[in-house]
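Chain IDs A, B, C and D follow the sequence of writing; residue 1 opens each chain.
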């Protein structure tokens, strides 16, 4: 038996495969297809202090080996999560993390505070990198100072595991990772989506209502791998790698590049069973290559 | 007859389609396949003050809808260009631009100076964005101050058209575009490659000898379109758009987003005739949509 | 309803006209329960350009033959690729997705099922279902010209068929919304699927005449199961997911 | 030599063994001039994973039948996809690319053509060419076991064939580089293609014995025509492009 479990900033995951925020709903959406309790961790949708309607339609465009989205954090707000969603998921035997988003530091702090007491939510993922909201969001993730500031403020009030999700739309992601590590992040996850755009040549208009949106899927994998490799050399806290993971092989590439765990995002749309297939595939790989422990291959590159 | 010609920082191109540096050799490599004089402009390989051997093998990796390269500016130096290559291309009826690369400002300046007197080279493309060389290269393109500095220094000595090629590996590409415009660039081209990485899961090694390399091809198109759209709103000089253009439709998307001309790179490897097909396709599009002049659709988004 | 991910086998691919084809899919085991109005998410394989699944309405379910029918219009890369599939090919689907049309209208209701273009797709299954449940259906089907009117003989099995064509080559000339039946007869319920302008016109007609009207919407989708929130439509209750809260909506709830 | 971009028609796709297949391609018009050692860049269509062309040696050109033969090993997505092609399929190629083997050795030279694995591919065309030009060829072909020795009857048409297999099931047991013929006979010229360790061993053998040795290298390629500089190999003269300055090199010029 190979050991698949990993520790992410104090949270023990039964395996290194998580599902990415905004791509897996609250997990329940996938329960007809797979046993979601097999997944190492589930990051729920971006959650904000108040309900948000998100951006107008169209919010999505297909691109070469990827997609753009401009959902813009549509969600019913943290109170709805606490009262309506939490009771439905709290007894599922996996780790749910809430992806906390906001437009101001106060919003982030207030949202995080409300999640502090949820016994079965061992951590939050601080989304300082959403490119799809007008104010805040990505802006926090693109400078060291603001990334540090929001991390510090949330750290002060939030006592469980704090994962900070980094934006790839920056000149130097290692600097930002170090800044949030310094302010007390327990782990970092990367990458969020790359800011992109799609054009309808026949209609001579941008496809998305917001013109620009976030690029995800295999198209971004090379950029994500590079950033995971850079960040894992720059920080001591665990790095959670994501961006374009479609298969166990992709997941292993991220782990070799330095990720302690991975998240699967867009791939869930193409194959709703992919997360569990990836868990199995990682196990097969370790067995085939005679490793006893997933940690043996973390960051060997 | 629709008007396809465009003016790029003082250089009249017969059509808006150029071929991108490092993907089209000196043009001659493609002359068995197409009449290269039909192309609006040809940007030759990255040229440096002295000969460079580039990076060790392997230098290339295929990715989803794209490729990584780590050629590292292999070239025989500017003097070789002037004495050996220039005589072979100078009578071809298109516009050749030399892509000028370097590790220090002095190198850039010295290289540009040597190209000043080549009558049939109406301009250079200043490559401040190559991710594949240890010192210099991309470093110049990732901060406003250094981008401005190198542009200023080259502008002082180079009297023909100065196109500056921007790096996409930055937090805010508009700022950099404005900085080089301010220092006298006649046009900007974007994007160069996104810094990426590929991993061989079975060998547990990076595929490229340099670990990281430059990502190109359709995978990057959404990012390139977004940056072209942003930059074209930030500067008054012409913007040349590139990144993942594989078809006339892609080229038109860039033009609609704000590019006065486009460059075709990686696509040449898959179809060596693609540049002329794109010219024809743009013409068809204009005719079909009853536009008389390519300028009618530049930046309508 | 429980959703499945299934590999079905293509039994038949019939080219109906230049732009439309009909896939008949089957499986060794009985197809799961599916209801009219629901759709499937089709995986398009072997294409460099297609990345996401494509949503397609359930055109008909033939329980006797254990067949699922999809009626598809060629509009881009994905539908083109599907049109090239040969019998024997394996097609991967998520199904059944979305809500259904109202399947239990008041007995004796005067029902009209209105489809424009490929929007007729979900109405065959709906008509068959309603007929089986002792309702009488009127179909009003519109197309550009006679040759674009698809599956007429199939529809005729389940009710009275009225048609319009833009060039007058079959039925009345004009759009479905201009058909005289909408003036000459009155209906209790409209089920509609087609181009947005058509559905919008029907929504207006419905609100003017007070007829209850259900429309099946199209939308760009990524997941098809309510996870991504990419497929929203604007409604009086805010953004609704077409893939889970739709594709069928009461036309009054939508902002047109 | 002028290069072409051509759509050829697949006439035959023969599965030789689990891992190898032979494509015979043809065209209504005569195939352009091609010489032994050269290669083609094949476009792999209908694949989500494959983006770039794949370099493949010219295995044989049958001028009478106007056929181009490619012998391909399934190693990954591209070769897998090509192996699934059916007769009638159109295959797009750039050709002919690269340099050639030395095609005019001194008359009466004692020549040996050594191939390991799928590295035998370019040697059939070379052997046929040399035989046509009145040279006598010896082939030394190595494989894992008897069933992996491909195209033996073809090679026998053009010269004497020696073999090695790793399990001894055909010819001598061991690697080609251990075959007794290399000790018992002496040669003026070696043409080699195969796995790097094999070619490296032959390069050493050649430099020790003073035999002239040409090797055909593999390399990852993007353009195949000298434009991208992705395919370099290290040599005494610095980085050389395998696609234009090779794929055939004098083994002495290379840094092994």
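Keep in mind that, in the parts below, a residue touches a chain if its C-beta (ideal position, glycine included) is under 8 Å from a C-beta of that chain, and two chains touch if they have at least 3 such contacts.
Since the structure is predicted, the reported quantities are computational estimates derived from the model, not experimental observations.
> In the touch network of chains, how many steps separate chain A from chain D on the shortest route?
The least step count works out to 2.
> Which other chains touch chain A while also touching chain C?
none
> By number of C-beta pairs in contact, which chain pair leads?
A-B
> Using each chain's Cα centroid, which is most distant from the centroid of chain A?
That would be chain D.
> So how far apart, in whole Å, are chain A and chain B when each is placed at the average of its C-alpha atoms?
It comes to 34 Å between the two C-alpha centres.
> Measuring from the mean C-alpha position of chain C to the mean C-alpha position of chain D, what distance in angstrom results?
So the centre of chain C lies 55 Å away from the centre of chain D.
> When the centre of a chain is set as the mean of its C-alpha atoms, what distance in Å lies between chain B and chain C?
Once rounded, the distance between the two centres reads 47 Å.
> Can you give the whole-Å distance between the Cα centres of chain B and chain D?
36
> At least two partner chains per residue is the criterion; list those residues in chain D.
48, 50-51
> Quick check on chain B: which residues sit in contact with 2+ other chains?
In chain B, 63-66, 217 touch at least two other chains.
> Edges wherever two chains touch, nodes for the chains themselves; is that graph a line, a ring, a star, complete, or other here?
Shape = ring; chains linked end to end, path closes on itself.
> With touch defined as at the top, which chains are paired up in contact here?
The set of touching chain pairs is A-B, A-C, B-D, C-D.
> Looking at the complex, which residues from chain D come into contact with chain C?
Contacts found on chain D: 45-48, 50-51.
> So in the complex, which bits of chain C are touching chain A?
Spelled out, the residues of chain C in touch with chain A are 2-5, 43, 48-53, 94, 219-234, 238-239.
> What does chain A use to touch chain C in their complex?
22-25, 29-30, 32-33, 45, 53-54, 56-67, 69, 71, 74, 217, 266, 268-273
> What part of chain B is in contact with chain A in the complex they form?
So the residues of chain B touching chain A come out as 63-66, 68, 142-143, 169-172, 194-199, 201, 204-206, 211-212, 215, 217-223, 225-226, 229, 244, 249, 252-253, 256-257, 285, 297, 300-301.
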